[in-house]
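Below you'll find the structure, written out as structure tokens, and then a few comments.
Labels for the chains are A, B, C and D, by order of writing; each one numbers its residues from 1.
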Amino acid sequence: MKMNLVQAINLALKQEMEKYPSVILLGEDIGKDGGVFRVTEGLWQQFGDDRVIDTPLAEVGIIGTSIGLAIAGMKPIAEVQFDGFSMSMLDQLYNHAGRMRKRSQGKWHVPLVFRVPHGGGIRALEHHSESLEAFFTHMPGIKVVTPSGPYNAKGLLISSIRDPDPVVFLEPKRVYRAIKEEVPEEEYTIPLNKAEVVQEGSDITVIAWGAMQKVVREAVAQSKYSVEIVDLLTLYPVDRKTLIDSVKKTGRCVVVQEAPRTCGYGAELVATINEKALLNLEAPVQRVTGYDVPVPLPKLENYYIPDATRINKAIENVMSF
Amino acid sequence: MKMNLVQAINLALKQEMEKYPSVILLGEDIGKDGGVFRVTEGLWQQFGDDRVIDTPLAEVGIIGTSIGLAIAGMKPIAEVQFDGFSMSMLDQLYNHAGRMRKRSQGKWHVPLVFRVPHGGGIRALEHHSESLEAFFTHMPGIKVVTPSGPYNAKGLLISSIRDPDPVVFLEPKRVYRAIKEEVPEEEYTIPLNKAEVVQEGSDITVIAWGAMQKVVREAVAQSKYSVEIVDLLTLYPVDRKTLIDSVKKTGRCVVVQEAPRTCGYGAELVATINEKALLNLEAPVQRVTGYDVPVPLPKLENYYIPDATRINKAIENVMSF
Amino acid sequence: MKMEMFQILNEEGKIVNTRDMPKLTNDEIKAMYEYMVLSRAFDDVALKLQREGRMLTYASLLGQEASQIGSALAMHKEDWFAPSFRENGVFITLGFPMDALYQYWAGDERGMTIPEDMNALPVAVPVGTQIPHAVGLAWASKLQGKKSVAVVYFGDGATSKGDFHEGMNFAGVFKIPCIFICQNNQWAISVPRKRQSASDTLAEKAFSYGFEGVLVDGNDVFAVYKVTKDAADKARAGKGPTFIECYTYRMENHTTADDWKKYRDPAEVEMWKRKDPVERLRKYMESEGIWNENYEKGVWEKAKVKVAEAVKKFEAVEPPKPTDMFEDVYAELPEELEEQKKDFE
Amino acid sequence: MKMEMFQILNEEGKIVNTRDMPKLTNDEIKAMYEYMVLSRAFDDVALKLQREGRMLTYASLLGQEASQIGSALAMHKEDWFAPSFRENGVFITLGFPMDALYQYWAGDERGMTIPEDMNALPVAVPVGTQIPHAVGLAWASKLQGKKSVAVVYFGDGATSKGDFHEGMNFAGVFKIPCIFICQNNQWAISVPRKRQSASDTLAEKAFSYGFEGVLVDGNDVFAVYKVTKDAADKARAGKGPTFIECYTYRMENHTTADDWKKYRDPAEVEMWKRKDPVERLRKYMESEGIWNENYEKGVWEKAKVKVAEAVKKFEAVEPPKPTDMFEDVYAELPEELEEQKKDFE
């Protein structure tokens, strides 16, 4: 069936909830209201108040109780409404979710999923458009996953739900309704350590994840170069083999990241390429990123988010280096 | 006068408080008790309850009220007792301290200083040994400073106090009492965008900050190579010119970071070098870092923290590449 | 704990508590009414602009005018105002330009340019996080020996956040001249008040921080004015903070991105219509002989003209410069940002 | 709000409240006493080991034995225990091996290996953050239709944290079978109780979350046992959470890294010595004829032997393998970590 990303995630949630009674959802307005992005639409009606739980407005409480629920055998899927509001949860994620296995010497683990609508581009209010993946990928014990379209969203979410470790699941919110794809009704999983080469090419590798995939694909559709596009899908653990193989093949690379530049996830990719493929590089890897500023309000937002022009310019720079 | 890092910071605090009545300290046990590391010793006795404020045990409250205090013309210096406990403050730092200038279109700014004893190596309890600089350096609107010894600690702290923007001041706790240096009684400042070449060399550049400086200096003291050591002092904004010039000169580089490897601050340095000095590199920049694991408890801590052996091995690898 | 709801003006527009009725001149009462009408006119047009795509997401204050205008009028010029995102009525009453408000809600950050002489924080979208800021502002005032207090606004939902707790607790411990105004409008988007807290009232939460909590009819502008003024006097006198629960109702959708019909009963909305704060004051004024149809027409006309002027001004504004995004991040542009800005240009 | 302090056994070891005195056999009372002595013996040796450099930073429970053992004995085998960092008395009473505790406090994380059949969370060093975990554990029990409750421990200082607030609030809203045991030992390192909160008692905070708070003499083991047991029965019956403030005192330094003489009055410490929980129970047992010098000697000897054995066992342990640090981070080692581990070796 053709569906968009919201529908694909909704379907994955529904099917996993039908299959596993331990799966429960926690968040603000996810029940009767179906979530601010309508991702949980219909689930409260189907599964009731004990499994689709509208919580008080308290992000630490949501993630903190989810940790306890997960330890005690439930499979909580916690939602935060917008990226900016996940900052207050970082303490519980970092100091507890990511460390409980360690702290209990393997006795307890925290198989929660933390769903975050991610990134900008929907003309939203302040604090609604952040891209915080670099905070999560710097946390030991946490996995970080980000789909780019409906098909991989469903498979990755099912894998995340079944994963024994805490998974941060970043949903590219500007893509929620922007792409329709064929998504199988039956269940399938996508491993949480595999990137995908979504377009083969020989001149240059462009690496992106989440919402930036769509921008990259559109940007290079008319490119005069043979561009290889890598979609990371999982940011930690990341599939270094795929991306290094690609860079070794092409010898050139652009990394596209929506978050502010400094200390973003892209820096880690460049460092990795430097370590593993320096001798193959024909030019410095170039980063196309957001700027070191708060994401501007809608009137200027589009100047902040990497777009086709900037991506193609970077490709041109790298090619003509 | 010869003094250690604790004394140098204490002196800077005292002198700035004497000079500026708006400077106040907030934190847990910083008053009568003088702070868990004795950094504020004697200040409560001198300045009283209204300027050296023992707060309730509430990190969000400390930083949140400091934001208000700063906007209203005070100069709050907020202390968190150990790095691990600063995670719960990140929301207030990121969403507010770093954005208030922007959000108010320049009307308000938040000149607070956030003091954090930083890093491991003192055989402390869990959550007492983290190195969280990469979280802070990824935050627009925030400056991040980290001294490596008593002399620069005093000058950097005075600059941080006088800076109009929020400054995170990371104090290398294992160095608190480990180094004595001549520290002038009179005031002096060190600019918050300058790195220091602490040892010139021609074979290889080693970049480090905070506590890792001491480790690096000891590690290379007997090196058969001519090692140039760069001490960053300020991590954001960072003095890219100094470090790039050094790498251009030597053509080789090792970056030493105590934090877990992935998405650490070192990745940003490698990415920067890749962008600005790729053609000068004779070998991949190598990172010596903590591992992607929670900092182990004291029995294993020393295996986690980069040491002389690992640093020299990395230098050797890069030299013989 | 059973708490009484403080009320002066009942739903029929009758004074039920003459003892506490603040001494207000007719002009002052009219001003109250006119600010409430102006806020409503502003709100109305905002919703229209949004529907027409001329503005973005907007949070209506419909039904909460008494809570907002009553409390705002009790503030002194030098007091601090720390809003959440629903306080357009307070902004307007304090003299913040309406065109700038529209501009802000149209996604242009320059709209949040706070006037020279106004001690207001910018709109705070993250729920509850502004509470400790307000406590800090008021604390500064105390430490500096000033008489200004801080007034912070937030909703029922915000009481569930840790930031609320830590801020309230600091205020109690340090006896900080801060006034906490909780507009309990019964809903946090789709989550009803009972899902936020099992406590009987929100007001009683103040006692667990060692200070006074007051439950007030939030649709009664006199009552809100009175309790806020008392709280401010008390704070100025060095007697510490007060928490005020304004019991009111959000008549509109949460924001323009919301549809309340998905989660609440129209009968509830109908029931609250009868408690309308503007109508209630109108009835009172009529009974006092300071309201008539003519006056009403005049008030609305004036309001509409002001609002129309604001819309015109806001829509005439030049779009912001793209490089504005690099401004006001630091006092001085760091080298990294300078380079990024140059790249951008 | 005025709250009464619940007490059964007064400072002189007299039952002042026969109505509420739990029905305990002499053996049960003796067991209480013996656990309290064992904890004290354990604690004593821990301090000694630390002084001698054989252990690292340690947080003593001296003076808090009644709060810890009284509450621990009211728990069922299947209940969840969520400690802070000062609950060695609870750990011991629940059967956690003492040698492992020493090992943990000597900086060897293997000490936190939780026994197969014990529903305990590991020691939580960050103050207050374990509170929402415990609420989640108890919530799971409710959702799964189990009878187990969760008992979470924390100090007076922890009540200031947002995590306390958010956890308590969830417990109230969802009627979660969680018991909150706040050992108010009057100090959070050097910060006195009055600096934590302006509220009269900590117990009363529970009411603002819509559930019951109880203030209990935390040096009275019968009273603590009784209120915990009642709370557990209530929770098991589906009647929701209880907050228990154990009013007690930290007789020792905060941890071995602390020096209480810098900030508290020796007279205060002296005053609390007279309320000693172990001595109090001893007096009662003597008056009941179930204590004599011989018994005392035996109890202490047995305790010391057990402790000595634990020390021996702990000190005989092989040091951990350096590569242990890569274990238990993820269920399976990710490729990044595999590489790092290989590099390390």
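Quick note on the criterion: contacts are C-beta pairs under 8 Å (C-beta built on N, C-alpha and C of every residue); 3 or more make two chains touch, one makes a residue touch a chain.
These numbers come from a predicted model, not from an experiment.
Path length between subunit B and subunit D in the touching-chain graph (shortest route): 1.
When the C-beta contacts at A-C and at A-D are tallied, the pair with the greater total is A-D.
Taking the CA centroid of subunit D as reference, the farthest chain centroid is that of C.
As a whole-number value, the distance joining the C-alpha centres of subunit C and subunit D reads 45 Å. Averaged C-alpha coordinates put the centre of subunit A at 36 Å from the centre of subunit C.
Averaged C-alpha coordinates put the centre of subunit A at 40 Å from the centre of subunit D.
One inter-chain figure worth recording: subunit A and subunit B are separated by 30 Å, centre to centre, where each centre is the mean of the chain's CA atoms. Those residues of subunit A in touch with two or more other chains are numbered 55-56, 58, 60-61, 84, 88, 91, 95, 102-103, 126-127, 140-141, 236, 262, 292-294. With touch defined as above, residues shared between interfaces to two or more other chains in subunit D number as follows: 109, 123, 126, 160-163, 166, 169, 173, 195-197, 329, 334, 336-337. Taken as a contact graph, with one node per protein chain and an edge wherever two chains touch, the assembly is complete, since every chain touches every other chain. Note for the complex: subunit C touches subunit D at residues 1, 160-166, 169, 172-173, 175, 195-200, 204-205, 207-211.
Interface of subunit A with subunit C (complex): residues 28-29, 31-34, 36, 54-61, 84-85, 88, 123-128, 261-262, 291-294, 296-301, 303-304. Of all residues in subunit B, those touching subunit A in their complex are 60, 84, 87-88, 90-91, 94-95, 98-99, 102-103, 126-127, 134-135, 137-138, 140-141, 236, 259-260, 262-268, 270-271, 273-276, 278, 281, 283-287, 292-294. Contact residues of subunit C toward subunit A in the complex are 56-57, 85, 104, 106-109, 123, 125-128, 157-158, 160-163, 188-191, 195-197, 257, 262-263, 319-320, 322, 324-326, 329, 334, 336-337, 340-341, 344.
Across the complex, subunit C meets subunit B through its residues 80, 109-110, 112-114, 121-123, 126, 129, 131-141, 143-144, 150, 162-163, 166-167, 169-170, 173-174, 327-331, 334-337.
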